[in-house]
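We just call them A, B and C in the order they show up, numbering each chain from 1.
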């Protein structure tokens, strides 16, 4: 993993999100620097997923901006996407491909790093399943494969929506270790989770969207 | 100062007030011009040597067809402005225009059909212009259907803007191909909707009706846009105040 | 991102879609069967008089091709939308329009090309002369990519909707009309023994226009649908 000392910071200014005529949050601001994790908390429906999608650039905010290194992410476009990876509610993998084929596609869509596809699968405990059709893996294994996507491209910011869904305790522990490694190397995380996110040696900013609701 | 003007125009609240004031100034001239146009067209203009009095439906058919095209272009333009510069008002104007444009298209189709009946004995004929208008109606209906299928208004406006732009690029192509198709399959009869060679006495009512229809579009789109603005901004302070006052 | 990695992404996405289609080989047959079935309905509906069939043949085959293409369009983005891979394309460091082009090319190879291969059979069923069948093949070769390209815009606009399939036809069929007019007319003219270079130039022009503009419209539509 590369060491990053001069990565840009992620900043949000006066973000507002409206869904179905309800203002979910308004005037939301934060600053995330390399090595930090942003943990979003709140009830279901408080806008956690919407905020993550705004941070990805998939969803446009109803007011305010998100900037990466000082520039609006919607103006940066691909220059922002090359530095980010997103694992949402849906896994983002094709059930009719093997794990290796899925990771090859994920790698081709971004900037490849030095980790081999097989090594990535090992890190998420999918060693031995390289050529099994993803359809035949368990839900937990499929989720781990989705998270393996994070390991094959060279990205700074990981944006994760409920990453621990379907994982058992051991699975959760090994994924948390991957997150800690990532922030230790200067990466950043923006995470939502029902499960308490505990990352050792990582500065965590916590935002509770239910408390922010107008 | 110009910048300030555009800023105020783009604000829904100011638009609501301004539009409300403008509507009577557009509606009254529209009514007057319509009456004048109908008078000149139905009473003063002489009967056509070929088509007799039945050609007079042209005074509604032709301006309606012009409006159907004009409104589509305005809709696509407003949609593009809303899409590129994210101006809410442009989005509102675009979607408010769609039903008006569809209605003019329908009017053109119906009057075109009425025009043809006395001469050719059938209610419908696959004439180049009528066929193009029919396809244009489908394009409008597609815009309206897509907009109503998407729940979030801002997303709906963006989707519809893309569709309208794709449509506007295709309209010249469709026109050309339908003209071409029509000349291929022309029966022994000449196309019936060739306008009678335009005489001044026929040109004046035509132009009067054309301007009247434009004014009609202007004040109706403002009316619809005001409703749309109220719906979109229903949670904002100024709308709540208005509701209390009424 | 270098153009080298872009080419690699394009090629891999194309290969991925073809691979996925091969793993569901049985489904590839459906649009084909539909094409043959719809065409066969016409003699049953309007009578089998050879002169009549020959006269309506070009139009009938092309309308059937349009409908078969429409039927298969949803497949371009629906599956990717449902498993979350579609939004990964939007988050890629590569231009979405290029990725869209790869998917549309794959779609055409899977659904358009087979129509081409079966069309001589349909030409024979409707009694078209040899020259007309050749031109039918040419128009389908030039035209089916246009169907995929323009159709992709419609699918991109409706992929997020619950009843997307119903609106899709309304959005896409009017846009198909110029192609239908030129293509059917080309085959007709060829059947009468006249040259068709004008028609083919017009269809080629539509293809070039669709190739250059539709990927951008599709990319923009995807961004809207996924927001």
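The rule is short, and it goes like this: a contact is a pair of C-beta atoms (placed from the backbone, for glycine too) under 8 Å apart; a residue touches a chain by one contact, two chains touch by 3 or more.
Note that the structure is a prediction, hence the values are computed from the model and not measured.
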By mean Cα position, the chain sitting nearest the middle: C
Greatest separation from chain C - chain, by CA centre: A
For chain A paired with chain B, centre-to-centre distance based on mean C-alpha positions, whole Å: 48
Inter-centroid spacing, chain C versus chain B (mean Cα positions, whole Å): 32
Distance from chain C to chain A - Cα centre to Cα centre, in angstrom: 37
Chain A, residues touching no fewer than two other chains: 60
Multi-chain contact sites of chain C, meaning residues that touch two or more partners: 227
Chain A - residues contacting chain C, complex: 53, 56-60, 78-79, 81-82, 84-86, 88-97, 101, 104-106, 108-112
Complex interface listing, chain C residues touching chain B: 153, 157-158, 160-161, 163-164, 167, 170-171, 173-175, 177-178, 181-182, 185, 206, 209, 213, 217, 220-221, 224-225, 227
Complex interface listing, chain C residues touching chain A: 1, 5, 8-9, 12-13, 16, 19-20, 23-24, 79-80, 82-85, 87-95, 99, 223, 226-227
Residue ranges of chain B in contact with chain A within the complex: 86, 151-152, 154, 234-235
In the complex, chain B residues that touch chain C: 135, 138-139, 141-142, 145-146, 149-150, 155, 158-159, 162-163, 165-167, 169-170, 173-174, 176-178, 180-181, 184
